[in-house]
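Take a look at the structures listed below.
Here chain A shows up in two complexes: once beside chain B, once beside chain C.
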Partner chain A sequence: MIDCHYLEPTTVSEACALLAEHGDGAKVVAGGQQMSLLLRNGLIQPSHLISIQHVSGLEDIAESADGVTIGAKVTLNRLIGVDNAHPTLRALSRAVEDVADQQIRNFATLGGAICEAHPASDINVVLSTLNASVKLVSASGERVVSIDDFVTDAFATAVRPGELLTEVVVPSFDLTSAAAAYRRFVLRAGDYSVVGVGTFVSLDGAGSCQDVRIVVGNCSGTPAQAQEAEGRLKGHNIVGNNALADAGDLAAAHVAPSGDPMASSEYKIDLVNVLTREALAEAVALATG
Partner chain B sequence: MNVVGTSAKRIDGIEKVTGSAEFTTDIVLPRMIHAKVKRSPFAHARILGIDTSKAEQMPGVRAVITAADLPDIRLGILTLDEHLLAHDKTRLVGEPVAAVAADTPEIARSACEQIEVEYEELPPLFDPEEAIRLDPPVVLHEEYEEYEKLLEIAEMDERPPNLWQAYRIRHGDIDAAFKQVEDEGGHIIENRYATGYVHTACMEPHGAVAQWSSDGTLTLWAGGQSPYIARDGLAKALDLSPSKVRVIVPFVGGAFGGKLTVKEGAIAAALARKARRPVKIILTRAEDLSATAARTPFIFDIKDAVTKEGILIGRKVTSILWGGGYSGEGILKPIFSTHLYPGSYRLAALWVDSYGVYTNRVSGGALRGYGCAESAWAVETQMDIIARECDIDAVELRINNLLTEGERTAITMPAHAFSAHECLTKCADAIEWETPSESLEHPWYRGKGIALGNKYSFAPTASSTELKVHEDASCELRTSAVDLGQGAYTILTQIVADEFGIEIDQVKLVTPDTAITPFDHVAGSSRQTFHTGNATRMACDDAKRQIRELAAPKLEADPDDLDVSGGRIFVKGSPERSIEVEDLFVVEMLAGKRPADVEVIGKATWEVTASPHDPNTGQGEEPMAYMGHGAQAAEVEVNVETGQVRIRKFVSAIDVGKAMNPQGVEMQNYGGGCMGIGIALHEDMCFDASGEMTNASLMDYKIPSIAEMPLNEYMESIIVEVPHQHGPYGAKGAGEIVVVPTSPAIGNAIYDAIGVRIWDQPLTPEKVVKAWKEKKAAGNGSGA
Partner chain C sequence: MKYPLSLTVNDENYDVLVEPYHTLMDAIRDGIGLTGTKCACEDGRCGTCTVLIDGQLVKSCLMLGLQANGKSVTTIEGMGSPDALHPLQAAFLEHGAVQCGYCTPGMLLTAKQLLDENPSPTEEDVRSAFVGNLCRCGVYTHATEAILSIAEEKEDR
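Moving on to the complex of A and B:
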């Protein structure tokens, strides 16, 4: 039986005060999609559940010259199609289309998806690819942390007791010469990914790669940057040659995923190769198109 | 009024769609409490002691039971090898060891955690090929020889200690067949196939509600497949006379073979007796998936002798059913699976050794197709390989080997209403078999595959029904046939409406309740339309005979000259000489109406006998009630880099003898196709090294979603109707044949697309990639 206090603050500061007051036993609940599983399976026994359902001001999506800011409570379904207004979010918006199912996406929040820190999270891989960061607010102040620093391990984050994630910032980039893409493989629609790969490329007019980022999901506890593969591309001409295939090989050569009953390590490595190449090809096509 | 043969609306449709249909979980009785089961964490362990004292003292706990509270009786379908609660040993993870009834399910669950069981861990045995050795590393049932057994197995010089089933077929001269092929330079084709662990994973998990009345009668509500098998099982488990047990079957949310017995119902009943209160038990999804019977794997070694012309003349099969801790409902699978070895083909010589063994995993149960869906995987893949080896078209090769009407298979099953040819050719036409699949751009490849199947319906078996006629000419059918979702209630209603020439809404069904409804064997083996359908027609005839006899004096005619239809009785040939059914009923003094002859209740029993087959030769007289036929074909798209397999098009051509309700048959074709696709490509119960299932949730056990299915317009259902001489209106069943050819059709299509075989189900993306890479490494080029 689940026996805890359920609190419903209406402002960020109220929520932070409650978090501070109840310490370690307090847990935030947003859409509840992961939280309800944790509770049902007895994996956590919080003394206080602090629902942010009624907290105002966490549902905006706003764009400035620096980038797009997304409130923690924006639901995954709301992110679908959001790239029409905010093209910077194209890869995120497309990735979210395949996450879970309609009913889950109606409740699941972006903040919850990030804080869940599932090793197979598609969202954290895309956000890492986009160099996004999150804002954490507590009774004693606020700080901004990059996604890479935020996700510390499988199901582990840099959130400190008393902190609330309030927004995500995706920095802007030159949409005429750069693009991001995401590819995933699932065994069945609605499943967590077996492997996901996010790519970001910025090209000059001659097809030379100015900047690149490749992030692999579900091959370790956190989204993992494929630096060797990036090294193969950065500063090189990558259009119309073997570069992308090489990058796929390199990305695959440098991951060491653990196998699970549904997919062996070897198979995941194969997928890293294929998905890296495909995600790069898509990003290149967008950046040059 | 021709109601049979029309797509009459499901009589349970509105109730189910509006949520008013009552399932076991909806039943609430006054003072009812809730049960949870304490299960073994070990695959193999000796129980040294159980301390329930802490659990018993918890507030809200009303009863705790262990084996000590139950009669020391072993249960089983034919080999009685299993206690309701583990006695001295546990033989699989999840085996019930104790149970608690408490005010809430949560209290019962915490109380289970407070039960202390002292185990001595024993080495577990998981590998069926080790299990079958004469000197296995582990013996599961040391007292096997003392168990009660209701079935003779094949003679053996020495029984491997973990073996519970052995069956042989010796038909024709097998050595001569292989020699002939060797001499003339034909083909000898030998392969090993395996199926996987599959669960029925019904939408409704197992559950029951048990209540005792003061006269010592037990009433049990449980969504099972057979109220009478449940009744007898409960009586046996609790050492009661069957007449002291009443089983009522509410609506059932799917069964597929997984709800033949009601073990959890017996646990609830034992708790209810001790607590003196009604007890409800509903398994959690994790318990349902990991601790109720599954379709356990088979290993098949097949060796075929094929002439140069592509005629199969000899087949040798050795198979092992990878049973679990107990023989369970899988007990007959090593026998019944052999029906597909001859399948629908003429086979001069057939040699089979078929075994079932104990291992420390989940017990083997039934799942749609009972053994045949498994053996079809081996046989129909083998037929595709033979066709390619002989360079003959796969449809043509099958046709060249088919039996003809009136022949018997190598296991003496008559080929009657033999529609294999028609199913196969209609299926081939629909998938445009003659036209090769379009080429796609690498890494995608397309290919087509086809497979044939058949499904026996077992015998001996019987169904009884009663048909009461009311004064408003409406009819009430009392049946213990169960509607599991397959539409049985609608079909039976259609039959009564048809026989009496009345509207469907003038037929009322009294659904399974062993205190009221007569014996029906089981909603299984595709038998309900065939057997209960026959019994229903006969009960209608009996009731009509009674009506004619009552009406004869009033119409001054011979009863044989009368007919009953549409609520009227009339003289054949002169319909103006008629009376209403109502006129047969007389007004009684207390304003109740009864027929002049007290009651019009027709009753009938339809029975099909069978001669037992010799377990040493597999030969006998007619072994089964009937055999249904069907073919399926798939066009797949395979990505050789990710291994993804998409079903582009899927066709089922299924012979049902007579489509009693064409839409119902279509639903079987579609639903069965989806289930078969899941079994072929996705579903796989996984176990860790300790024998525990690691994917006991619907998130991890991959039942395919609608997104894995072909688009509507690419899912095709073809109904074939070749009437069976004994079927009601010529009908045969359709429930199981629809999953029999599915896996090989898909596997053959994958081969057509990329030129690789995967021998063990399910055909997962990972296996596709591995097979493709192996093929590349072997330097076989691009295959497509």
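Moving on to the complex of A and C:
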């Protein structure tokens, strides 16, 4: 088996120095919920595991005028109900309730879930819907990257050797006129989603759509924006007519998912249609409520 | 290279040597020799390897052993013994909530944690708690009844 070293820095700068020193052979361990599987199955063979378990300052959730900042080590279970204090995180909080199971959510971290970049990840779809970005820190500085740019393909991200994802920023929005929702479909509780759809809708007082975002999960390697469906809604009155159904049809017409043992391509396309309509209806109801 | 791992398991201290890629389950079963914690899917799905770590449920196949260094672990061996069953173990027997028994250690720890956090769960609460514990024999109904019977006993007191 591999010869592997296990290092436990206690600060972000220490972690970044170790990541810089050991380059491509170094992998970050946060909750370990995915890393343990990758290691055991021999899918990765790092020379150094950098555990950030004892790195302080990555577990805060803070709100400013710009948005909510969530530390990379915040566990998924901690996000359940987080919308009580931070209402713009409602869709994220609800989505996380159904991710995996309580055992995994107790230790799986938000940063780890993002970096896993699983194509069926609910979390990256919701974060894309919310226009979230991540902060990446390295020994030579830091940069902020949108989730859309960060997730580059199935299980692939824009993280560079030496970089540590330290926080996620979810921009604020006006809760009196805008809302986000997420709908997913699974065959068994705790599974990865067969399809998930996130929607964000901003309306004016007359029911005209000022801004919209529709993101489809698990129909390609990364969360995918349904631009044609968004085009049908933006600038139009979408309350009390068939606009949402049209958007569902358009979203479904522009995905080309591959089938898998859980669902055929046709089945997933139908799900995109239904879930898009449902998630839009929920967001519209919240935004007008 | 191997690293020292110090664990408190069921109130006893253990020091073992583990590779960084060894899981907590490896440390408990192979390092310490407590085999009540079962190994089935090794993929994080089935929950037979569920233990408590500092009072939190975890699938021990999904955590590296070294992540648990210095922590306190409760395994099925720490819940009760054949001579002094934990009330949940007795209730599982009474309600026939065991068939092949392989999932039972994990289920009992999940049940213990549920009742520790919520002494009066609803049937829905119990069923939700079992999302991470698969039983292919299908004892969920009897296990749910067993847990609810304990919750009711506590209420009666």
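Methods note: the second predicted complex is superposed on the first by the 286 of 289 C-alpha atoms of A that agree within 3 Å, B and C clash if a C-alpha of one lies under 4 Å from a C-alpha of the other, contacts with A are read in each partner's own complex, and residues count from 1 in each chain.
Everything that follows uses one rule, which is that contacts are C-beta pairs under 8 Å (C-beta built on N, C-alpha and C of every residue); 3 or more make two chains touch, one makes a residue touch a chain.
Since the model is a prediction, treat every value here as computed from it, not as a measurement.
Participant: Taking the superposition on A as described, I'd like to know which of chain B and chain C A:Thr88 touches: first, second, both or neither.
Facilitator: So A:Thr88 meets neither chain B nor chain C here.
Participant: In the superposed arrangement, does chain B or chain C reach more residues of chain A?
Facilitator: Residues of chain A touched, chain B against chain C: more for C.
Participant: Have a look at where A:Val274 lands relative to chain B and chain C in the superposition and call it first, second, both or neither.
Facilitator: After superposition on chain A, A:Val274 lies in contact with chain B alone.
Participant: Is A:Ile104 contacted by the first partner chain B, the second partner chain C, both or neither?
Facilitator: So A:Ile104 only meets chain C here.
Participant: Once the shared chain is lined up, is A:Ser202 touching chain B (first), chain C (second), both, or neither of them?
Facilitator: neither
Participant: Counting only touches as set out at the top, which of chain B and chain C does A:Gly32 meet: first, second, both, neither?
Facilitator: So A:Gly32 only meets chain C here.
Participant: Taking the superposition on A as described, I'd like to know which of chain B and chain C A:Gly190 touches: first, second, both or neither.
Facilitator: Once the two structures are laid over each other on A, A:Gly190 reaches both partners.
Participant: Which partner does A:Ser264 reach: the first (chain B), the second (chain C), both, or neither?
Facilitator: In the superposition, A:Ser264 contacts chain B only.
Participant: What part of chain A is shared between its chain B contacts and its chain C contacts?
Facilitator: 1, 189-190
Participant: Could you pull out which chain A residues touch chain C in their complex?
Facilitator: 1-6, 29, 31-33, 35-37, 39-40, 49, 51, 53, 100-104, 106-107, 189-190
Participant: In the complex formed with chain B, which residues of chain A make contact?
Facilitator: Going through chain A, the ones touching chain B are 1, 185, 187-191, 261-264, 267, 270-271, 274.
Participant: Under the touch definition given earlier, write down the residues of chain B that touch chain A in their complex.
Facilitator: Those in contact with chain A are residues 104, 106, 443, 641-644, 682, 686, 694-695, 699-700, 702, 704-705, 707-708, 764-766, 769-770.
Participant: So in the complex, the part of chain C that touches chain A is made up of which residues?
Facilitator: The contact residues of chain C facing chain A are 1, 3, 19-21, 23, 42-45, 47, 50, 56-59, 61-64, 66-67, 110, 129, 131-133.
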